[in-house]
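In what comes next, chain A is part of two complexes: it sits with chain B in the first one and with chain C in the second one.
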Partner chain A sequence: MISIALLSIMGIAAMLTPREQWAPVIRGLAIVTGLAGIIAVQMDGYFQVFGFRVTQLSNIWATVIIALLIIFLMVVPRSQAVHRLRNDHIALLLFSTVGALILARFNHFITLFLGMEMVSIPMYVLAAQTHSRRSIEASLKYFILGATATSIMTFGAALWYRSSLSFDIPGPVVTQPIGLIGIVLIICALAFKLGLAPFHFATPDLYEGSPTSFVGYMSSISKVAAAIAFFKVGTLFPSDSWMQIISIFAVSSLVVGSFGALRQQSVKRLMGYSSISQAGFWVILMFNSPISAYFGFAYGLASLLLFWVIDCVEEKTHSHTLTGLLEQDTLLGITAIISLISLTGLPPFAGFFGKYNSLTVVIDNGHWRLLAVVLAASIIGASYYFKIIFQIMSPPESSCKLHVPFLSKCEIIKI
Partner chain B sequence: MVTDTMSSIFLYMILFLPLTGWLLASLLRRTTHRIVIWITCATVLGSFITSLIISPKLLDGMVCNAKLINWLSLPGYRFSLGLMADKLTLLMMVMITGVGFLVHMYSIGYMADDREKNRYFSYLNLFIFFMLFLVMSDSLIGTFIGWEGVGLCSYLLIGFWNTSPANIAAASKAFIMNRIGDIGFMVAMGVLLAAISTLNYSEIIAHLPDLLTQPTILFVVTLGLIIAVAGKSAQFPLYTWLPDAMAGPTPVSALIHAATMVTAGIYLVSRLSVLFYAAPYSAINLLWMGIATAFIGGVAAVVQFDLKKIFAYSTVSQLGLMVIALGLGQVKFALFHMLMHAFFKALLFLGSGNIIHALHGEQDIRNMGGLAKSLPFTATAMGIGALAMMGLPPLSGFYSKDAILEVATHHAGISYLLIILSCLTVFYLSRTLYFVFLGTPRMSTVTPHEGTLSMQIPIAILGFLAVVGGWITHNLFLAPGIEISHLQLVITSLVIIGVIAPMGFAWAKRQLHDHENSPRVWSFFEILYDTFAVKPYLYLSRMLSIHFERQVAAAFNGFAQIASVASWGIVRLQTGSIGSVVLFMVVAIALILLTVLGKFI
Partner chain C sequence: MIFLGLSAITILSAVIMVLSRRPIYSIISLIVCLYGLGGIYLLTQSQFLAIVHMIVYAGAIMVLFLFVIMLMNLDFPESLIRHKGIRLGAILTSGVIATIIISRIDRFAPSDAVRQSLTVKAIGKLMFTQYIAVFELSTIVFLSATIGVILVAGSRPVTPR
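Entry: the complex of A and B
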């Protein structure tokens, strides 16, 4: 709990610091606080107070979250639009992270609600920071849909309470229909936060419209937080219903994400759809949480780095096409290629183990139809990730747009 | 089994110094050549010295182990990579790093005018790392990683001068031919994994009693490995890539395509020799494969006019001889010959590098001649190398070759085959020497001169080893139990050399006399391969591309079209209007509720 307190105090301090010149100092302090937070997490024993339950698993989650925050703060956000990281940006990021930490440890609906809103509300603000029409539209849409989701969640909680007379998560497994309706509503709201189809509609717009620096944060830390909540609420379901829910979300996300990404022109929007597909893989892992923590870190890190690269490119060239990046800036190019290969799920990199474990879960449980979808999604995923890699490695002078006609023959054979 | 920290550290140093060299060289690609050359040479030398430091321990019969990583664990299987060093590994390590260092040093002079020196040296270091990994791994899987790695480096270095399409074609050919062998390797690994669920060398050997009860599995495993050996060590059906591999820089041919990489197959068989000798038919397969290879290589070398290709075919032939020794059950003799071959063949290649360097890229021996006068040092060195290879007592080749010959006398017909083979060797070598060094100069304009000091020192060292190497090391390989009747063999060798060498000279003279009349001499086997392998292959691939590949492509395009339509539909869903999105969400929730609560209705 010391880590939550530390980050909150740091957030308040950042918010109250009047001078903009101090922003680099504040950022440095935030990184130091994060490191202290990680140490504090390691020193926390396992205990339980009202609303919170600290276990080994929750500590792993908390470490992942803070580690991602530190990495995010270290790779400088430098969007054109957000000329530099301001004090209040840092404060918002810290508050949002505190929300994520709460989500790592909640054992009560009230703390779930609190954490979820603490993660989300700073996102609404950060999404609008470009002050462009697109950015404000994305933020507003995300806000309205987010509010809808929250209200659905609250309504679901009421129904759930009526049947089980308890707000404990994990609590007794719900079997009555009325309670089941309640937790399905909660799960649907959380699926929205995680960006799962069919509740994915805000995601592509959000990824495209928001300042690129913050998309890195949204695609990593807030996703990890939502995934934890999703997993924990899932323990309330009877196991057969839980499997049904997971299959529905996994199949629809994999289909929507993969096919949606296939025709996108802009890297950011493509990554939006790809995040839906990745969430599909992730949700399959919800049977087995420690692995899903690992997946969270692998995925979060890869997309954080990729958005950092896009951000750097945007700053230099005022556009986010990555064509010819490898020749112009070898380091950025290699980083992007490694992130993309990791997202594709090829062996030497972290992403492989995540995908490998999802496949194992599916095979062990014998869901052969789901397996077919997962495999198809992986193949299509490879095709669009490799399209970006191809662009990065192609020579800069051929200023071909992100996408030539459409999946030309050679591309699909390359898979 | 020893895992003490000191020897682990030594093993890590031996393995990772060249890798560090490669990393630094790649990172400092843009800096001056001098730094890169220093780094790469120093790391390989360091690796060599470390191997020497650890050698007394290993010669005492100790086996050192060092852990690397747990690579992958699947239910029932664990693949961990580790290092292991014993006498066999020591031999390979010393040979790889020693010859490797000499070739690095030689390359400083040879590649002096090349603008991409840094790339060249970094590839060389990467090659040495992978080759060391191949021989130091404690499991087949690690060896396979090294096996693929050296294949890659060989590809990169054959095609090093990548502006000429012919070089790239040669590089691709080497790579593809090796892939055929790799399939054998992978099949062997798969079968072994299915049978005893381990690929660790010591565990495989511990499981030998189990395997002995399943001769079919043992046969398939060894057959797969023999195919792999045929690919990497250029044996009979798959040897054709090696002569083409001469497109690379000459020092590379000396290091990779004569002394080290092509001996990987010999190493593999030696490492698992108990498996090969326990399996039905494997030894005899090796024996016949070796005989076929040795003869094809020897015959082809007789009719070649390209200096490097002569030595390439000669390498093929000598590798065949090593495989014959393996087939006869004499692992030690095969290794002995491998080491001696590394000395004299590297010497011959570096010598021909000198000649090619002096003649500015000329490789056709018909355009040489009389070079003994202008290049006396190279002529002496190559003369020594050739004599060692012919088996003149007491040079290095005599010990190893005649040890094999001695064993063969117990196998009636084979000893005669080997004597014929020796005659062939003497014949093509003397022919080559006549063409290059004797007679009248036939060069167009250039005045040849010897290379720099950094090119001469490695040649001098190798020449020294080619002379005394056999005498120094023969006690290590020839067990005291086996008596070699020296006198008889000495006489045989002298007679062979005395009789055949003049014949070689005479034939060379005659060829020179009428070489204007026959512009291109086709080797019998080239014609054979062209009619029976290359043309049918091209025909098959053309037919496949016309009838099959288009269908496949059409099928793929069909999938792509379906994906495209689906993608269009999904993107259409994204209308951007909040009202419709919320409506959609509500419908989705209703549907999910219906699915989950279906059982209550």
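Entry: the complex of A and C
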């Protein structure tokens, strides 16, 4: 709870800072607050107040979230980027992270609702920040669909309350049909936030239109937050029907994400589809929560770094093509290749263990048809990730040399 | 008797809202519908819900809608429903929801304990004791929404592309 308070106060302080020139200072302060937040999370004992329940698992999730925030603040929002980084942006990022921390610890519907809104509202705003047509279109689509998802979630909660007379999550398992309808509605809303397949239509537009530096945030921290909520609400189902729902979501996400990504030319749009397919891998892990927290960190880190690279390239060349990046700037190229290999799930990097574990979960539960889809999706995934890697390694079209400040190179080495 | 009258007004104005072709008429009948709903809430002794419903929805949001439509001059009398599919989807969805509610209509009556907790006093007490952390954190949601409005509407594009 101290970490939540710390980050909120820092966000309010960032909002109230009048001078735009102080943005780097505010950013440094926010990073320090994040570190203090991690320490506070570690020192939190396991306790329970109304609406919040702190367990070992929720502390793991909270640490993952704050660690991703610190890395994000260290590399991604660049003050010289296409849109200027303002104090208000940092404040919104901090508020959104507070929402994610609430979602890591909720045990009541009211805190689920609050955390969900707190994560989403800053996202709607940050998506519109380049003020271009695409950006505003992405923001508006996300806003309208997100508001619809929230109202569907609330309606579902009303039906669920009717049958179980309690708002506790994880609470008693729901078996009455009316309660099941309610939980399914809540799950659908959360699946939209996570970008799972039948509810994925806004995701590629959002990734393409939003400012690149903030897409890194959307694809990491807000996804982690939505995943936690998804996993926790899932415990209200009887476990066999929950496994069926998970397989439906996983299969459709893997198919839509993989085949959608194959056809894309723009890297940002491709990453949008790949995030759908990664969410498919992620939901398979839901029975093994520490591993899914690990998957969230690996996936979040890889996509954060990849979007940082795209942002650096965009700042210099005003396009998203990564062709010839390795020759122009070795460090950026290597970072991009490492994150792409990690997303593919090849052994030396973090993403491998996540994918390995989702395969073992499928095999242990004996879902052979799901296994076939998962394997096919990983192979297709490898093909489109390696397409980008080959682009990066190919010789450059133009000879303009990318220049990246030394400071940010140091930052990336630290990671 | 009062309940029947209120429900008749509510349902009638809701139907008018959906069917009328001019947005202004739709909004005004929606306001009437919301007031009817507020009256029904009063009948079930949930005063706080009724008052909030009338002030926030009928008072603030609907007037905002009216202002937007009048300022933007959006009042052209044409149907916004161009696809047949939307109409079909709307009928299907409301049919499903109606079936759910009607099939359980006898069980929707609140128990006495719930009814006790619906007064203004009980809600205020709960909000500042049990729900205090949630209440304080919800201010952050409103704060971020406020910052968002200023950021989206108040600043000009830096590099128009």
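Rule of thumb we're sticking to: the second predicted complex is superposed on the first by the 391 of 415 C-alpha atoms of A that agree within 3 Å, B and C clash if a C-alpha of one lies under 4 Å from a C-alpha of the other, contacts with A are read in each partner's own complex, and residues count from 1 in each chain.
Everything below uses one rule, namely that a contact is a pair of C-beta atoms (placed from the backbone, for glycine too) under 8 Å apart; a residue touches a chain by one contact, two chains touch by 3 or more.
Not measured: the values here are computed from a predicted model.
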Record, for the superposition on chain A, whether partners chain B and chain C clash or fit.
-> fit
Touching partner for A:Cys188 - first (chain B), second (chain C), both, neither = first
Contacts of A:Ala128 with chain B and chain C, given as first, second, both or neither | second
Is A:Thr148 contacted by the first partner chain B, the second partner chain C, both or neither?
-> first
A:Leu159 contacts which: chain B (first), chain C (second), both, neither?
-> second
Looking at the overlay, does A:Leu262 come into contact with chain B only (first), chain C only (second), both, or neither?
-> first
Pick one for A:Ile110: touches chain B only (first), chain C only (second), both, or neither.
-> second
Is A:Ile102 touching the first partner chain B, the second partner chain C, both, or neither of them?
-> second
Is A:Phe50 contacted by the first partner chain B, the second partner chain C, both or neither?
-> second
When the two structures are overlaid on chain A, which partner does A:Lys316 contact: first (chain B), second (chain C), both, or neither?
-> neither
Superposition-derived minimum Cα distance between chain C and chain B (Å) = 7
So which positions on chain A get touched by both chain B and chain C?
-> 181
Please give the residue numbers of chain A that touch chain C in the complex, ascending.
-> 1, 4, 8, 11-12, 15, 49-52, 82-84, 86, 88-89, 91-92, 95-96, 98-99, 102, 110-111, 114, 117-118, 121-122, 124-125, 128-132, 139, 159, 162, 178, 181
In the complex formed with chain A, which residues of chain C make contact?
-> 100, 104, 107-108, 130-131, 133-134, 137-138, 140-141, 143-145, 147-148, 150-152, 155-161
Per the touch rule above, chain A residues touching chain B in the complex are 141, 144-145, 148, 152, 177, 180-181, 184-185, 188, 192, 198-199, 201-202, 204-205, 241, 244-245, 248, 255-256, 259-260, 262-264, 380, 406-407, 409, 412-413
Residue ranges of chain B touching chain A (in the complex, touch as defined) = 553, 556-557, 559-560, 563-564, 566-571, 573-574, 576, 578, 581-582, 584-585, 588-589, 592-593, 595-597, 600
